[in-house]
Structure formats: C-alpha cells, structure tokens
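Going by the order they are written in, the chains are A, B, C and D; count residues from 1 in each one.
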Amino acid sequence: MTKTSPTARRKAGFPPSYRWLAIAALRALIVIACVTTAVFFLIRIVPGDPAKMILGEYATAESIAALRRTLGLDLPLWEQFVRFLHTLLTQGDTGLSIVSGVPVRQLIAERAPVTLLLIALACLLAAAVSLVLAVVAATNKDKLLDHLIRIFPAITLGMPVFWVGLLLILLFGVHLRWFPVGGIGEGWTGMLYSLALPAITVAFSQIPTLVRSLRAQMLEVLESDFVVTLRAARIPRRVILFKHVLRNSAMPTLMLFGVNLSYLIGGTLVVEQVFGIKGIGSLLFTSISSRDFPVIQGIALYCAFAVVVIGLLIEIAAWRLDPRTKEKR
Amino acid sequence: MSHRSISPEAGPLPAGRGWSRVRRTPALLAGSFMMLVLILLAVFIPWISPYDPIAQDLSAFLRPPSADHWLGTDQLGRDLFTRLVYAARTDLGIMVLAEIIPFCLGITIGMLAGYYGGWVDTVVSLVTDTFIAFPFYLIIIIVAFASGAGAQGIYITFMLVGWIVFARVSRGLAASLKRQEWIASAQTLGLPGWRILLRHLLPNILPQAVVVLMTDMVGILVAIVTLGYLGIGIAPPTPDWGTMIADGQSFMTTAWWLSAMPGLAVVYTGLALSLIGDGLADLWRRKS
Amino acid sequence: MSTDLKLEKVTVRYGGFTALDTIDLDLSARTTLGLVGESGSGKSTLARTVAGLLVPDEGVMRLGGRILEKRRSREQRKQIQMIFQNPDASLNPRRSVRQILSEALTFHRMTRGRADTERRCRELLERVQLVPGSLDRYPHEFSGGQRQRIAIARALSVEPELLIADEPTSALDVSVQRSVLELFREIQAELDLTLLFISHDLGVIHAVSDNVAVMRQGSLVEIASRERFFSRPETAYSRELLAAVPKMPAAAAGATK
Amino acid sequence: MSERETAAAAGKNGAKIGTEPRRVEEANAVHNSNSGTPGNAEARPAGRPEIPTATAAAQVRTTAAADPILVVDRLTLSVASGQNLVQDVSFSLGRGDSLGIVGESGSGKSLTLRAVLGLLPSGVKRTGGEVRHTVRSAMVFQDPRGALDPLCPVVKQVAEVVRYRQGKNRREARAEALKLLGLLGLPDSLKREDRYPNQLSGGQCQRIVIALALACRPDILLCDEPTTALDVTVQRQIIDLIARLQRELGFALVFVTHNLAIAAEVCTRIAVMRQGRLVEEGPSVDVLVRPRDPYTQMLVEAVLPLPEFVSESEDRTRDSGEGGTR
C-alpha cells in the first residue's frame, strides 16, 4: 500500500460520512429558494407599476389594465406566487418571456454557454495568477517584488470591473489592436480570442483579495516548525513549497474564493455589457429595461444555481484538501 | 524573601503608547490623510470651485484640462472637477449609510451568537454560512433596475444581506475570545453577561471588525458606481462617478479623461480605505 | 464561619467523554490542597467546576455548608475566585490596570466613591508587590510574572475565601515562578485563604501544598498529606509520577531557604 | 514560554530587552535558506557502520577535545533594529559529546540552536562570529505536532525524508522509515495503516519527529526543549529514548532546556546562557553543584527540591529526604 488510497483514508479515521455533503446540498437548495422568492417579491413590492412601465407613460388606462390581467398582476400577491411556483415545478421554467413569448429556459439555454465559458476562463485565470503572485511574494519576502505585490491589491481593490474593462478596450483594443473589441469570434479559437480581454477583466477583480490572503497564509506556514524540519532535512525547496506549504495554506483562500463568488458572477454580467457579448448578462439587462419579469426571474434562478454549484465544488475541494475540517461539521 | 519588599520587577516595562505607535504605521497615516483630503474637498467644494455641478454651459463643450477647468469639461460644458467632488458627496454618502446598520447589526448578532453559543449560535452560523455566497450583487442589480429606485435598491438589499460578513467576523472572534482567561475571570468575578459583552468583548472585536468594514466599504462603493454606470443607480443629473464614466464612454477616443477621471476617483477612495484598513490591522496586531 | 469546600459525586461529561467521574473531595478551610495530574486528567475541569464556570452533570458542591447552585448568589460568586495559567491571556489587553482592578470593586459596590476605590486599588497592588504607578499602564507593558501578580490582585479585590490557582506559574521562568509561589504562600497565610492549587509540576506542589490529591483520567486516585505523599505514596501511579521527575545531581538539590 | 522576563535575582528593573522573535512581523533582514553554514560538505566517510556498539560511542567521547565536529566561535545574532539577541557565544562539541544549554526564556538558547542548524527564523541575521561544522545536524522541536505536516500521514513524511536524504526509491524508503519507527518504539499498527499527526498522542508525535531527524543520519542531534510540552511520564520516556539512541548511534547532542534537572540527566556538559550571553560552561556536576556565576547559582537555587521518596522495593525505614523549603 504505497500511496494513501481512499481506502486508507477511510480506515485512517476519516469515515467519509457524506453527511456534510448532504448538509451542503441542503444549504444550496435553501439559497436557491431564497433568491427566487426574494427576487419574486422584491420586483413586485418595490414601488412602480410594471405594466405601466412596459407600455410607457402614454398608454391608455384600459391597455394597462388589460396587460395587468394577462400578466396576472391583478391577482393577490400570494396567488401570483403560487402560480409562479406551479409553473416552476411543473415545467421547470419561470414562464414565457413577455417580449418574445419564448420559454425562458430556451432563452437562457441559448445564451448560457458563452457566459459559462467566460466564468470558467475568469476563474482559471484568477486562480493561476493569484497562485503565481502569492508564491513569488511569499518566497521573496520583503524584497521589491514582494512590496509591489502587496501594494497591488490596495490599488486594484477600488477599481470597478467595468472601468477596468473600458481601459483595457481603450489600451489593447483601440490603440494596440491586439484583441477584437466586442462580439464573439467564430469557431473555437475565435471565441476564446474574443473572450480573452473580458476574462482578464473579471479575473482582475478577484485577484487582489486572493493574492493577499494566500500570501499571508503562506508566510505563516513558511515560519512553522515543520517547514524548518523539512529544510533541515535538505528536502528540495520546490517539493517543500508545492507539496507541503501550498497545501497547508490553500484552505482559507479557497473559502475566500467561495465567498467572493457572487461578485465574480455579478462582475461577469456587467463585463458582458461593457464588451457587448451576447451572454446571460446582456439578456438580463435587455429584459430588465423591457421589464420582462419572467426572464429576470429565470436569470436570477440560473445565477443562484451557478453560485451554489461552484460553492459545492469548492466545498468538495476543501474536503479533499483537508479532511479534518469536514469531520466536525 | 522574608520582608515584604516591592518585588524587583515591580514597575512596568517602558513601551511606546498612543501617538508614538500610530506614527510608526505609515499605511494608516497615508490612508487617513488621503481620506481627509477627500472629505475636506467634498465639504468645502462650493467655496473652492466657482462652477455649478449641474448647470450646463454648451459654449464650454468638451474643453481639455486647463487653468480654469482643472480637469476640463464634459459633453454638457459642466466642470469635470466640480462634478467629481460633488459626486463624492453622493457616492460616499450612500456608502456610509448603506454600511452603518449592517455593521452594527452584524457585530451585535455575531457577538451574541459567539458568546452565548447554544441554539443561538447554530441558527446564526447556519444563516451566515448559507447566505455568505448569496448573490446579493446580482439582486442589487435586479431590484435597483426593476424598481428604478436608485439608491433604495442598494439600501434594501444591503439591509437584508450586508450584515452577514460582519456577523461572521464578530462571531468567530467572540467564540475565540470567550475562551480567553480574562473573560472567564470576569465571569467568576460575578460580572453579568451584558457587562462582559460591552466592556470586554466589544472593545476587542471592534478593531478587527473595522478592518473588515474598510474593505467591505470599498465593495459597496464599487457596487454603487457600477449601478450608476448601468444607468440604474442614482438618477441624473445628481453627479455620480458611475454615470460620469458611462457618459464619458462615447467620447473615449477623443476625451479619454472623461471616463478615466471618475474611475481614478473610485480607485483613490478604495486605496485610502484599504490603506486605513491595513494600517489599523498592523497597529492592533502589534498592540495586543 | 468555617468555609470548607465539600464535593460529593461531582461528575462532568462532554458528549460521550466523562471529564470528571464522581469526585468526592474535602478541602478544609485555611489549608492548601495541591491537585496534581497529567494533561487530560480533568484537573482544570475540576477547577472550572468549583469556580462556577462549568455546571456539573451530577453531584453537589458545598462551600461553608451552603450548596453552590447552578445560579450562584452574589455573595457566593465573591467567595470563590480563580487565577489562570497563561499570563498573556489573563488580562484584557484593552483596559488599564486601574480599570481591571476597580471593575469588580465598583460593580459589587465594595467601595464608597472614587477616592476609596483608588485607595483600595493601590492597596491591592502593594499586596502583590507592584508599584502604584502601574495603575495607568496596560497589560502588554508588563512581564509574565507581573501580569500574574495583577491577576492575583484582581482576584483578591472581592475578598474571596477560596482561591483556585490553575497552573499559575507553569508559563513563568524558574526564578519568577519562585517569587510568585512565595506570594501565594504569604497571601494564604495573611488572609486565611483556602487555596486549591493545580499543577503538573510535583516540585511546585511540594513547595505550596498542605495536602496533595492526584487525578488520573477524570478520577481521584489518591489524597494524602504532603509529608506522607512525598515519602510513602500509596498508589502505583503516584510512584510512577514521582519516579518520572528528573533529579538534580545529589548535592545540588535547592539549598534550604 | 512567556516573553522576556527580568531575572528576579538580578534585581535590576531592566529595560525591556528584545523578545525572543518567535514571530517577527515587520519586514526586516531577509532570511535566506542556508545562511551561516560554510560548506557543509558531506565530509563523513561513506558506508559508516549502521549502529556502532555502545563501547565505541563511549570511547569516542573521551577524545572529544581532540577533533571537535562543531565549533561555535563568538556567534552574534541580531534583528534588523540592531539589537543583539545572542552576543559572542562560543563553544565546541566533540563527536558523541552531549552539551546541555540552559537558561530562561529570551536567553537566546533556542536561537543559538537554530544558528547551528543553519536555519534562522526570518528577521534574525548572523552579524558576527561563525559556526564551523564538518558534519550534518538535525533538529527536534518543542511542539511535536507543530513539527509535522498536519495534512500528510506520518509514515509518508518519514519516508519522504529518507528518500531524499538516503537517495532510496519510494519502496525502500518506506521500509527504512518503518524500521526507524520500530527503533523508536512506535506501534506496529502504523505499518498497516498510516495515520495523520492529529490522531497520535504528543509522545508518539515527538517520536515521529525524532525519526525524521534520524532519517537524515545526523552526526549532531539538536533538541530544542523536546519534552517541555509533554507530561512528566511521557517526558521520562522521551529522555530515556534520546539517551539510548545517543548511546546506540553515537551522534553528538545539543540539548536546550530551561529545566536544569533534565540537562543534568541527559548531558555531560552544561552551558548557561543569560540574555544572549554564555555565562558559564563546564561538566554538568561542577556547574550545578559548585556554580561559579551568580546567575547560575540563582538558577540552581530556584529549582524546587523534591525529597527522595521510598519506592515499594526500597527499605521503608529510611527517613524521608532532607527538609523541604517550607
């Protein structure tokens, strides 16, 4: 039994009681339910009559009343909610788009791949860059490089995602013409090429906090006795760094990544607007401006689902990394 | 040791206190200075700049930065610098207002949960763990736009969700502080719970909570400005950095500073707040 | 009014694990009981239970004949005070020594007005051999030994009858440890205090206690007077503990003071 | 160990002397990985006999003075602010010697050990003197769990050190690791199922740390208060274990502790350090029975005496030891 295979892990006192996984899944459902209900009621409670907004100021009273009936807005709130839940549970959809009459699920399905790809690219980029920067900063403690990397988060923390997007467009798109500006190129490479700049922009909003957390954690682990033991044993530095130090320092940063997830998803939607990418983001903003409530509701549900799924993945990665944390839960 | 002499190590050991320690944290000094400059500007702008942030003067259309218009003028001939500073009033105002209640609420709830434990703690940690990844950023966008309510959307959503990050910090701290021996000693001295919370727990939780507040405030400011950019934040003509960036976007190639300057203002505030946060963190880590 | 401490069948359980298993203990007034045991033996749990920080699952505790209920009377709270092990964590870093010492005095209204409180604080500092000037300082400006002295002064502020010391000198250097132990003995003699002194170090137990109790995995294995325990211990475990203590070269054992 | 303590006997209301930099926060002197050790070439002849007999080890000790394998010459360590935490410390160590370094917290004894190992904590630099040693050293720490990677099973950790230090492949390394653990009296169950540090007792973890040190085949074993965090019975086992290993493997030993009795039991020579300086050094009994330096005298007097107790086997009539201090 050379490597500690999962069986060893089980016998080694880590009964993989997937109880914690069940609890995490339950939590996920609670978040989705809350988001859906919150959006449902917030849209309808907040002042302003949706029907009047859709038809504009000059619409006649009858046409507004007629629209309210078709939309079911004249029904009492709770009845609207029951009908909404009914459609959600039976057809797994939040109704038809008011503007185009297309089922919301279909609308989202068309636009989802681009957004998902953008989110995935941004996550990969953020993880890779923060890892490199943190390792460089931690191993060159107090040298110039370290100070630069420490000042970087303070400056970029205040940079709005869309503003960074605009600057990148101005710099790389307009002046240097390295990247296409707006829209999505054909074929696989075309798409990736056109998503590069947006992905960098979204990743840029996540990197500062991740670097700061990972660097601080690594410095603490580098000072601990077990690293001194390994270095006294003349074990190669890279083995110590990547096999032992990084593994022990990743946990808090992983958790931080989970917490900042909703910023990442929100950021992606905004960046799509800046770069003119036809993803879920632009669908959201068009449906918002046209007060297309079922579509808004559907997107909110979809985003909550995305946040929760990635959160679960992070929780599993955390368990894989350090089984002890899950034992207590 | 027969006679009771004052023991040789009777007196305290000399160490820096108060102002001398603050002087040794450059980050805090720099951050607070920058913030002070911004606040002074925002308060005294009517006396500093002769221009009105809203009145249009089409004859001064898109002037580049010059002696009388330090940052030039926008597409409606309004002085950019004046609008920038007035915008600071609106954005920083909302930022502070949207943070005060969640901050106090979060600290109190977290402290009670951490100190008393039991079912209070389980309920609070269940809620905070579940909703920490709550896509509230997304909700702000939807609510703000759907209701066209501008800042109200932010306030509502933030009341609902903003307190969670502070509750987590203060709950964690309270739970660990509870095991500290000076809390146990206060209990044996017969001091009631509320007094221990106020006199012993709160003063030791606030420093770290304020550090988190600084970073969180930057997050709120960015959210406010983003809503402004998307046209669903503060309704024009009240000056707001987000809307200013959006307005300047169409003149990007010719007058790049129109969009760049408001962004830099946000970066400036963000830098000031995070410097204050880092400085306070260093100061309190060294003191305890 | 004799303030003996009596424990009858006191049991404390954490989930499945029994930290204290039916403890019967008598601590007669104005004597010092040295409680020794290894980590996990439950000696700290016993200390915290007597101090009222933990509520026992079973058993009864009596001080001076009166039962110590779950909610103790204000009088009972003042009678028992505790001093802890870690000097870095025994004082609130954000409050000055004056605030630390005067808090219980003012809350329990044991002094009349500010001047009286100030006088009482200076007396307490002098009692633990610290200069009055320390009142305006903060805990981080004191050495470990000095912080323990402040903690002792704070415990004495409510004029307790039973003082529990949970390894108060384990984190201190040898020289400072000795002076703090001297302080404990002086206070116990002058204020007629009953002292429950807990330590894993048999040298400290020998220097301080009248009687010795040994704990192992949550139960009392032996109670004896100091002379009998250190010369002819009954249980094998006590002998094992005594044999394990490293010995100084014969002639150099601490000269009598 | 609490931070800087002005020694009571010294009587001076000393200014606050730099604390032992357990965790020096501010950015100061850069610590590079192997500062201070001039080429630690593998001077040891290859193919050294695996376990020399006890007599050989004893024989070696008598000729200590002749060829010292470690010379610390006027060593000075200081932090960025220029404060010297260790000042002009010199001592030498022969093959198979055992030197105890005693002193209170903040005396710089642990730092001196780290300087010999060649791995100073960040923020501390060697600003004077040098450490010359022709052989390899390994270290055992005070907190057993802190010296082990919490996320890596123990046998795997020992095997890893064996693999890199003795150039064995993965399978051989694991066999060697298990042999080492057996030598240290660890339960056989580890052979079947590897376990994580948090599942072992403090004493077992300390044995693993010693195994890690021995896996480097050191000629000098550096111990930084290895038993302070352990219970008295476990402490006795670890002390006996270290003494036995030294007899069997013949390595030299530098044993740092604040407990004079332990130093006397384990080491033949003792050095006393106070606020960064070496105040006295000599054979254990001389230093403890006839201390020359007043500080050493104070330390010896501060040791709380324990009367000789009559164990079951001995004659009961012997009266109990000399009077206690009460």
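Here is the rule we use: a residue touches a chain if its C-beta (ideal position, glycine included) is under 8 Å from a C-beta of that chain, and two chains touch if they have at least 3 such contacts.
These numbers come from a predicted model, not from an experiment.
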Item to check | Maximum centroid distance from chain C, chain identifier (CA atoms) | outcome: A
Checklist entry - Just by CA atoms, which chain is the most central one? => result B
Next on the checklist: Taking the mean of the CA coordinates per chain, how far is chain C from chain D in Å?
Outcome noted: 33
Checklist entry - When the C-alpha atoms of chain A and chain B are each averaged to a single point, how far apart are the two points in Å? => result 23
Checklist entry - For chain B and chain D, what's the span in angstrom between their mean Cα positions? => result 50
Checklist entry - Which whole number of Å gives the spacing of the CA centres of chain A and chain C? => result 54
Checklist entry - Which parts of chain D, given as residue numbers and ranges, touch two or more other chains? => result 4-6, 8
Item to check | Residues of chain C whose C-beta touches two or more other chains | outcome: 143, 145, 176, 179, 257
Item to check | Touching two or more other chains - residue numbers and ranges from chain A | outcome: none
Next on the checklist: Could you list, by residue number, the parts of chain A that touch chain B in their complex?
Outcome noted: 27, 30-31, 34-35, 38-39, 42-43, 46-48, 50, 53, 153-155, 157-163, 166-167, 169-170, 174, 209, 258-259, 261-263, 265-267, 269-270, 273, 284-285, 288-289, 291, 293, 296, 300, 303-304, 307-308, 311
Next on the checklist: Applying the document's contact rule, which stretches of chain C touch chain B when the two form their complex?
Outcome noted: 48, 51-53, 74, 77-78, 80-82, 84-86, 89-95, 103-104, 107-108, 126, 129-131, 133-134, 137-138, 140-143, 145-146, 149, 151, 154-155, 157-158, 176, 179, 182-183, 186, 257
Checklist outcome for this item: In the complex, the residues of chain D that touch chain C are 1-9, 104-105, 202, 231-233, 235-236, 239, 258-262, 264-265, 284-285, 288-289, 298-307, 309-312, 316, 320-326
Checklist entry - How about chain A: which of its residues touch chain D in the complex? => result 2, 4, 8, 11-13, 141-143, 146-147, 222-226, 228-237, 239, 244, 247-248, 321-322, 324
Next on the checklist: Taking the touch rule as given, give the residues of chain B at its contact with chain A in the complex, in rising order.
Outcome noted: 126, 129-139, 141-143, 145-149, 152-153, 156-157, 160, 165, 215, 218-219, 221-222, 225-226, 229-230, 232, 242, 245, 249, 252-253, 256, 259-260, 262-263, 266-271, 273-275, 278
